[in-house]
Structures are given as structure tokens and as C-alpha cells.
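One chain, subunit A, links the two complexes that follow: it is found with subunit B in the first and with subunit C in the second.
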Partner chain A sequence: MEALLTEGGTILAAFWMTVRLTAVSALGSLVLGTVLTAMRVAPLGALRTAATAYVTVLRNTPLTLVLLFTGLGIGANLGLELSDDIATNNFWLAVIGLTAYTSAFVCEALRSGLNTVSVGQAEAARSLGLGFVRTLALITLPQAFRAVVAPLGSILIALTKNTTIALVVGVSEASVRMRELIETYGDQVIEIFLGFAAGFVLLCLPMGLLFGWLSRRMAVAR
Partner chain B sequence: MTPGDLIVLQQVNKRYGEHHVLRDVDLTVRQGEVVVIIGPSGAGKSTLCRAINRLESIDSGTITLDGRALPAEGRALARLRAEVGMVFQSFNLFAHKTVLDNVVLGQVHVLKRSRAEAERKARELLDRVGIGAQAAKFPAQLSGGQQQRVAIARALAMDPKAILFDEPTSALDPEMVNEVLEVMTALAREGMTMVVVTHEMGFARRAADRVVFMADGEIVEQNSPDAFFGAPSSDRASSFLAKILTH
Partner chain C sequence: MSYANLYEAPGPRGVRRNRLLTVVVAAALLAVAAFVYVRFDDKGQWAAEKWTPLLRGDVWATFILPGLAGTLSAAVAGVVLAALFGIVFAVARLSEHRWIRLPAAAVVEFFRSVPLLLLIFFAFFGSYVLIGVNISAFAAVVFGLTLYNGSVIAEILRAGVLSLPKGQREAAYAVGMRKGQVLRLVLLPQAVKAMLPALVSQFIVLLKDSALGLIVGYDELVDRGLNGIAANFSNVIPAAILIAGIFIVINLALDRLAHRLGQSS
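This part shows the complex of A and B:
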């Protein structure tokens, strides 16, 4: 327990990094996932193909590879610099990787949500003179979102835990701090493990509860 | 084509694979006319109705609305659709919007009316179809008859040149059919151009200017309601009427 207590401040700082990675990547994934969903149902075949290819590749590639690619491929090799500060640069590289990966899952969830919206809803929108984009934005996607609140919650929880892989691009989030502590306090390995596990449960549990509540509250009566 | 012809279909054909759903259909609907399409199931009535605002594509032939050919897609098609109202069998009210917002939405986003103006118009129309008190409710909280009346108000809010009704009472409980037909009859009296696919023969007799009888994808005959119901000229229409009017 001693390690957890004396290092409390640095542990909290590391978890704060986890929260920031999660929040920014979640926002990015939601936006990119929505765009991908729109592309997958677009009237233009090329858009559908591109989105399908993207989702297929990213969903079937291990996240470690995706993050190594953003870190080594985009960051080191192509030399993309998002900030002069190396820590900030690595943070954004990790966000890119996590967003690229998670948006594929958001897209799949949203697409299954779209399938729960009856064709008649889109037909009614089109018969009023709404085009493809506004039919999606005003009528079908809002209903699709409400149908998939619970699965989106699961994706968010998975993303939270996936941020631990950001260590491969050198972001000092919670799991990195845990390794360091284990090296310093070799006699307290079990306590440290349990402490960090409890930290993640504490982060993720409220998310599950919140999304469960939201999905009941936002369900559309049909 | 003469002035006053609002909807003109010429030699319209459509197939679903082997099934020929519309065969060389010619139909002209004049301004202010109420045309009721009847016929057995699978005759192509709904397909014809949906083809007029291109919810169904056609394989050959032409459809013109107010003198302009129906565009295949894009903005031009959306603009044209805004000029033709549609009322569906399954109502299709936007499930996540209140009754009021259902009637407001198209006005604001398509006609670019201000929210205040659109709401005023929506409330006026909802009062007219007898749903004024339910404006804040969601569609699922309304009966089928009430939902269909909201759907009619939603179509009217766009100030359409014509309204298409695709079996508007077929999904309703029997006791709710009349409240919807009354609204439709009132509209017909006020001079709205209407194309109505229905099985309600009473409505056809009472409100139609012309009855169109379809079978197997073809228009078999068309006539005034009195002439059609009194003495149908084709065997197919006679046998159809004999089957449904004997009870």
C-alpha cells in the first residue's frame, strides 16, 4: 500500500492522462465514425467502397499495430510534427491512432442502428424534399444514435482500456506509471496491480451505468 | 397535354425482375382533380403512386409534374418532391420528433420559413385536422387515426400542388378510418389535387372526380364514380366489384 500512497500524486496525474486520451479520442471517433457511416450509405458507390475498405482494414488490425504505425510510420518516418513539445506530439499521435481504430467500431455500431430505423422514415423525409445529407442528419441518424447508446458505451469502455496501448508511442498514461512503480517497488507488485485495476474499474463503471441509463432514457418509442 | 394538366404519365413501365408491375401506364391528373385508384392487390397501384414522386424509379416512359419532367436525382428532384405531398399507409411520422415538429420540420428546412411562422402554420393545420391539443406529444402516444391526420397536416404544411395518398386507411383500426376519410373528403372539396390509392369504395363514390381501375400493372378502365360503380365496362372491373360489394 505504501507505494500507492506515497506515489498518489503521480498516479493521479497518469490517470488524468488516460482520461484526456479517452475523452479526445472518443470525440474524434464519434465524428469520424459518423462520417464513415454516412459514407457507407451514400448514393455514390466510390464513397461506400472507401468507407467499407477503411472499416474492414482498421477493425481487423491489432490496435498495437495501428498505434505503432501512427508513432513510427506517421510520426518518426513521415516526420509529422503536431507540436514542438515531444510529449504533446506523442499525445496527438496516440489520439490519431486511437481515433482511427475506434471510429471503425463506432461506424459499425451506428450502421446497425440505422438498420433499426424503418425505411419509411427516410421516405417521408425525402418526400418532404429533404436531400440525402439532411435526411441523415435530421431524421435517420438521430434515431440510429438513440438505438445504439448502449453499444457505444461498450466502445467507450473498450477505448478507455485501449489507451494503455498508447505506451507504444510514448504517452505516459496510467499503465506506464504502473510499470515504473513495479520496477521501483518490487516488493509490492500485487498491491500496485490491484490499485491500478481498481482505478480503471472506477473510471469505467460509471460510464457503463451512465450509458445504460441514457439508452433507456433516449429510446425512441415507435 | 393541355394547360391545367398537373401530373402526366406517359407509357410508364416498371419491372421487378420477371414481374412487370407497370405496363404502358398513361394517366393525366388535372389541377384540382381527385383521382382514386382501385384494384386488386398486386395491381401496381402503390407503385404507380410512389413513382409520381420518384420513391420508385421507372424503367421507361415519362412523368411530368406541372409541365416539368421528373428529375432523376439530386437537388432538382428534392425540390420537386417538396411540391408534392405524400401520405403513407404506415404514417411514417418522425418518431423522435413531437407532433408539432413533424409539421414544422419541412417548412423550416426545405421552404426556409422562420421557426415562428412555421409553428403558426403547423398549429393552424393541426387544429384543422383536429389534433391541435396533441401538438406536444410524440407520434407513438397517438392513435393510428390521429397519426395519419398529423401526416396529412405535415404534407399540407408544404403548400403542395398535389398530395399522393398510398392506402392511407389500410393500417387503421376500423373505427379510425372515418376520421381520416373525413379530413380527406374536406380536402377534396376545397379543391386539392389528390391521387388516392385506396380500398375505401365509399370514399371513391363520395369524393372522387374519377375512378381509375388497375389490374396486373395496367389501367383497365377509368370513369366517373357513378359510371364506374354503376356499370363497369370491363369484365375484370365487374368481377372485382362483384367480389367486394356483395357484403
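This part shows the complex of A and C:
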């Protein structure tokens, strides 16, 4: 127990990094995932093909590899410098990797949400003279979002846990801190593990409850 | 296309506009690809000497095939143990006895919300203190894969059993089966069949998660590719592309399997 108490400040700092990674990547994934969904149902074959290829590749590659590729490929080889500060640079590289990976799952969820919107909605929109973009943005996507609140919650929880893998691009978040603490306080392995596990339970449990409540509240009555 | 109702079939002007837009979009995508190509080219990532090692038999024999064997053996061990764990805890959560049901629920919910990497770290770095021996990286990875995916599988199976019409259970009791028989002979087989697509998807997740072994130095495919091949031939990008390709092929095959299983039931 004393390891957790004496190191309380640094543990909280590590979890703060986890929260920041999650929040920024979640926003990015939501935006990119929505764009990808729009591309996958667009009238242009080129857009559909590009989005399908992207989702297939990212969904089937291990996140570890995606993040390593972000660090080595985008960071080292494309020479993308996001900040002079190495820690900040690594943070944004991790955000890029996590966003690239998670947005593929957001896209899949939203696409299945579009399937739940009844055909008459889009037909009515078209008969009012709305084009593809406005039909999608004003009529069908908002309803699709309401149908997939619960799956999006699961994706957000998965993302929270996935931020632990950001250590492969050198971001020191909760999992790094846990490894360091286990090495320093070898006699308190169980307490340290349970402490960090409790941290993630505390992060994920409210999210699960919130999204469960939201999905019931937002459900489209049919 | 199932989404064709989002827009009208284009008329002559629409067709022309779509053609123009297709050219613009294709040009933009090609521009991005070209940018990446040129930047990688500046770093010499397309040079033949970085790619030819990937075609050599000895590179496959030393790095790729052992790595693939490592990934697959961890995944297979994980799938078998996770399936066992899942069945046991699904049954426990469906128990009529509260003193079995509640602890089982706590275990499942706990392992579902703890990141896999923390479980692996706990097993790998904590094993000496806990059980007096250092366990192998393989054992640590399988430990994590089993507990996490086993909990998810338990939830999938439980949802499958709960989704069955209650007449199934009642009919089984009516012909005189005992509790265990009802579950084993009537409910679980149907639950497994109904949930096969979800189970296969979870196995894909498990296979991808086995790549976490790299972090504790387990010799799986990503580790052999990026730390093995790339260290010898300094060809990180080609190696990463090859490894990703192998994962994508395996996962798409599993995905297709899940799809076919979903249709046949």
C-alpha cells in the first residue's frame, strides 16, 4: 500500500496522461470515423474504395504495429515534427496512431447505424430536394448516431484501455508507471497492480454507465 | 449498393459532375500517396536492398516463420484457455446461487475493464515475487489473453443463452433433464451456434492482441519483423508493411469464416 501512497502524485500524473490521450484521440476518431462513413456511402466509387481499403487495413492490423508504424514511419521517415519537445511530439504521434486505428471501428459502428435508419427517411429527404450531402448530414447520420451510442461507448472504453500501448512510441502513461513501480517496489506487486487496475475501472465504469443511460435516452422511438 | 437510397440516380449533368469529382478525388488521393512515396524514397525506403531480404528463404526461416509460429501458438493457447475460462464463467454467472453468480460477475467485469497490457506486466514482472519463479514471456502473454478474452467470451456466451426462447429451457426440464444437462445439452450448444460470428470476431481481437508480446520481449511476428528483420537490414518500413500484410490476410480469412458461419445458422 505504501508504494501507492508515496507515489500517489506520479501515478495521478500518469493517469492524467491516459485521460488526455483518450480524450484527444476520441475526438479525432469521432471526426475521422464520421468522414470515413460519409465516404463509404458516397456516390463516388473512388471515395468508397479508398475508405473501404482504409478500414480493412486498419481494423485488421494489431494496434501495436499501427503505433510502431506511426512512430517509425510518420515520425522518423516522413519527418513529421509536431513539436520541439520530444514528449509532446510523442504524445501527438500516439494520438495519430490511436485515432487512425479507432476511427476504423467508429466507421464500422456508424455504418451499421445507417442501416437502422428506415429507408423512408432518406426517400423523404430526397423528395424534398435534398442532395446526398444534406440528406446524410441532416437526416440519416443524426439518426444513425442515436442508434449507435452504446457501441460508440464500447469503442471509447476500448480506446481508454488501448492508450496503454502508447508506450511503444514513448509516451509515459499509466502502464509505464506501473512497470516502473513494480520494478522499484517488488514486494508490493499485488497492491500496485490492483491500484492501477482500480484506476482503469474508475475510468471505464462511469463511461459504461453514462453511455448506457445515453443510449436509452437517445434511442429513436419506432 | 444498400445505401443507394441516399442519392438519386444521377442524370446526364450529374454523371458528368461525378466523373469530374472522381478525377479530383483520385488526384487528391494519388497526391497523398505520391507525397508518402517521395518522403519514403528520400529515406531510401524503396531501395531494392531493403526489399529483397524479404524474399530470401533464410530471412523467412530465421525471422518470419518463427515469428508467425510464436504469434499463432500464443493465439491458439489463448483461444483454447479463453474458451474454457469463458464457458466456466458464463455458466457461473447463469447460476441460480447468488454466492456463485456474484463473485463470477465481479471477476468477469474486473478483467474486462483492466487493460490487457497491465495483466501481462503483472504476470511477467510480478511472477517472481508472487510464485517464486520468473515465468516466460509466452506464459505472461497467454495469461493476459486468457483472462481478458475469456471474460469477453463469458459475456458473449451468457448473452447467447439469455437470447434463447425460454421454451427451450422449459421443454428440457419437461423431459426430465437436470440443471446441468439442460445447460450442457440444450442451452450452451445453441448459444455457441448463435454467437459464432461474435466468437470468431473475438478470436481475431485475440490474435491481434498477441502482438503485445513484443513489449515483454516475446518472439512473435511483430517483434521478429521489426526488431529482427529491421535490425539486420535497417528496413523498418518494408518489414512493417509485410508484417501488417500477413496479419491482414489471416484476419480477413477468419472474418470471412465468421461471415459464412453467421449466414449458415
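One rule holds in what follows: the second predicted complex is superposed on the first by the 222 of 222 C-alpha atoms of A that agree within 3 Å, B and C clash if a C-alpha of one lies under 4 Å from a C-alpha of the other, contacts with A are read in each partner's own complex, and residues count from 1 in each chain.
Note that in this section a contact is a pair of C-beta atoms (placed from the backbone, for glycine too) under 8 Å apart; a residue touches a chain by one contact, two chains touch by 3 or more.
Quick caveat, the model's predicted, so the values are computed rather than measured.
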Which superposed partner A:Ile157 touches (first subunit B, second subunit C, both, neither): second
Touched partner set for A:Trp16, first subunit B, second subunit C, both or neither: neither
First (subunit B), second (subunit C), both or neither touched by A:Trp213: neither
Which superposed partner A:Arg146 touches (first subunit B, second subunit C, both, neither): first
Touched partner set for A:Ala124, first subunit B, second subunit C, both or neither: first
Contacts of A:Ala221 with subunit B and subunit C, given as first, second, both or neither: first
Touching partner for A:Pro43 - first (subunit B), second (subunit C), both, neither: both
Touching partner for A:Leu138 - first (subunit B), second (subunit C), both, neither: first
Residues of subunit A at both interfaces, subunit B in one complex, subunit C in the other: 43, 123, 126, 131
Residues on subunit C engaged by subunit A in the complex (per definition of touch): 2-3, 5-8, 10, 18, 21-22, 25-26, 29, 36, 39-40, 43, 45, 110, 113-118, 121-122, 125-126, 128-130, 204, 208-212, 214-215, 222, 226, 236-237, 240, 243-244, 247-248, 251-252, 255
Subunit A to subunit C touching residues, read off their complex: 41, 43-47, 50, 56-57, 59-65, 68-69, 72-73, 76-79, 114-115, 119, 122-123, 126, 131-132, 135-136, 140, 157, 161-162, 164-165, 167-168, 174-175, 178-179, 182-183, 186-187, 189-190, 193, 196-197, 200-201, 204-205
Contact set on subunit A toward subunit B in their complex: 43, 118, 120-121, 123-131, 134, 138-139, 142-143, 146, 220-222
Subunit B residues within the subunit A interface of the complex: 53, 55, 73-75, 78-86, 88, 90, 92-96, 105-106, 109-110, 138, 140-141, 151, 154, 158
